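Here is the structure we will look at, set down as structure tokens.
Naming follows writing order (A, B, C and D), and every chain is counted from residue 1.
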Amino acid sequence: MDTPIGRRRWAIAEGYIPGHSHGPTPAMESHETCCILNAGEREARIEITVYFEDRDPVGPYRLTVPAKRTHHLRFNELSEPAPIPKETSYASVIESDVPIVVQHTRLDSRQAENALITTIAYAAD
Amino acid sequence: MDTPIGRRRWAIAEGYIPGHSHGPTPAMESHETCCILNAGEREARIEITVYFEDRDPVGPYRLTVPAKRTHHLRFNELSEPAPIPKETSYASVIESDVPIVVQHTRLDSRQAENALITTIAYAAD
Amino acid sequence: MDTPIGRRRWAIAEGYIPGHSHGPTPAMESHETCCILNAGEREARIEITVYFEDRDPVGPYRLTVPAKRTHHLRFNELSEPAPIPKETSYASVIESDVPIVVQHTRLDSRQAENALITTIAYAAD
Amino acid sequence: MDTPIGRRRWAIAEGYIPGHSHGPTPAMESHETCCILNAGEREARIEITVYFEDRDPVGPYRLTVPAKRTHHLRFNELSEPAPIPKETSYASVIESDVPIVVQHTRLDSRQAENALITTIAYAAD
């Protein structure tokens, strides 16, 4: 692999953490995930900013993903500077100092059977 | 963040508002959502045009999304110039005067358990 | 809208028409859909080629989508030059003489509750 | 078709093979699929590298897809150099010597009703 795969800026316009769940935790707990792949040779330093409908954005949430690793980050688990409220519409921008690939997934287990969604995030120019 | 993230023109080729629902409203009401992120410093003035299979397009539906905000717009709630009929195939083009990011989501609760879909919309050149 | 939105060549790598269904037809019949938006001023003349795992491709399937219209084409309904077999993995390439937008959707109702998937197709350069 | 459709490098940031299933195998067995379309005139020689959260990447997994064929590869079935562990987060990079199109799909049948997700993978520049 010649050049690192991915982009440095990504966006997810959809975001919503369901308020309750069915089934055993953590596997079947309702959650929203930001899957990050850092296939390059250098650690990725990442900042996530979360946008809301009716209040100022919160962030940056900071994390690192080591070289040649993936990290499947649950938005539910973000705590610093503030946890993301449940049952609230949000969106997010993910910025990295090296190229990464970002994919968005949600498991919604509010009803008896789970529902899953996924999409590759929007890669900025 | 140097330049605003996103594009000015987006398209969603799939559109269909189910005719009925299971479960408590509004959370579990069948709906189709256009999630818009305006991460920039300026309010976004947005126009949506809706296309059908057998009649002329309807629009523009106009809305604004403030700077640094997201808006999760339910197509069900559009009313001016005309509500979108249920159980009818449609598609949409979303145009903004500043860069935005658009993601399409549907909750289909026609059967007892809900089904969810999502995709980042098509970003025009 | 200055230039027509979309591209002239699209691909969907996933394709599979489930062999059976639950629920009332046609709404709840298992199906796979190619949603096409022609937001431009000229009729789109479209050719679809279907690829398989173990036999030669079939096509082109020909259709037209009028100017400023969408068409949600069920792969189930393609018949000329040959229907697409059920329970068989396939993929498709969609070519148009004018720019269009293509989105892939499947409703799978093999089990009691339906499952839905969607993604914007791959837009070729 | 003038030039082959697709790209030579793709990435899927999400990956997770559920640990158990409901319903008849193989159709309803929980699985994760990498759908590959080679619409070109030449056989595609493909290498897949799998990335994890807490260990070194594994690969390359090698396969070929003949000219004008699709292949819907189940990650579950990869064995050489090592099977992918279940209930473990992973990501993947798919590299080909000719242009291909890649789409990611998962069938999750851990609960009584199946859940499906799909997205076109990330196409590298």
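The rule is simple: contacts are C-beta pairs under 8 Å (C-beta built on N, C-alpha and C of every residue); 3 or more make two chains touch, one makes a residue touch a chain.
Everything numeric here is computed off the predicted structure, so don't read it as measured data.
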Chain A on chain D, rotation in degrees - Cα superposition, rounded to nearest 5: 90
Chain C against chain B, contact positions shared by both copies (same if over half, else different): different
Distance between the centres, which are taken as Cα means, of chain B and chain A, whole angstrom: 21
Rounded Å distance between chain A and chain C, as computed from the means of their C-alpha atoms: 30
Set of chain D residues in contact with two or more other chains: 112-113, 115-120
Chain B partner contacts - residues on chain C that touch it in the complex: 1, 5-6, 23, 27-28, 33, 35-37, 39, 68-72, 101-103, 105, 112-120, 123
Contact footprint of chain A on chain D as seen in their complex: 9, 11-16, 49, 51-54, 56-57, 87, 89-91, 93, 95, 104, 106, 108, 110-113, 115-122, 124
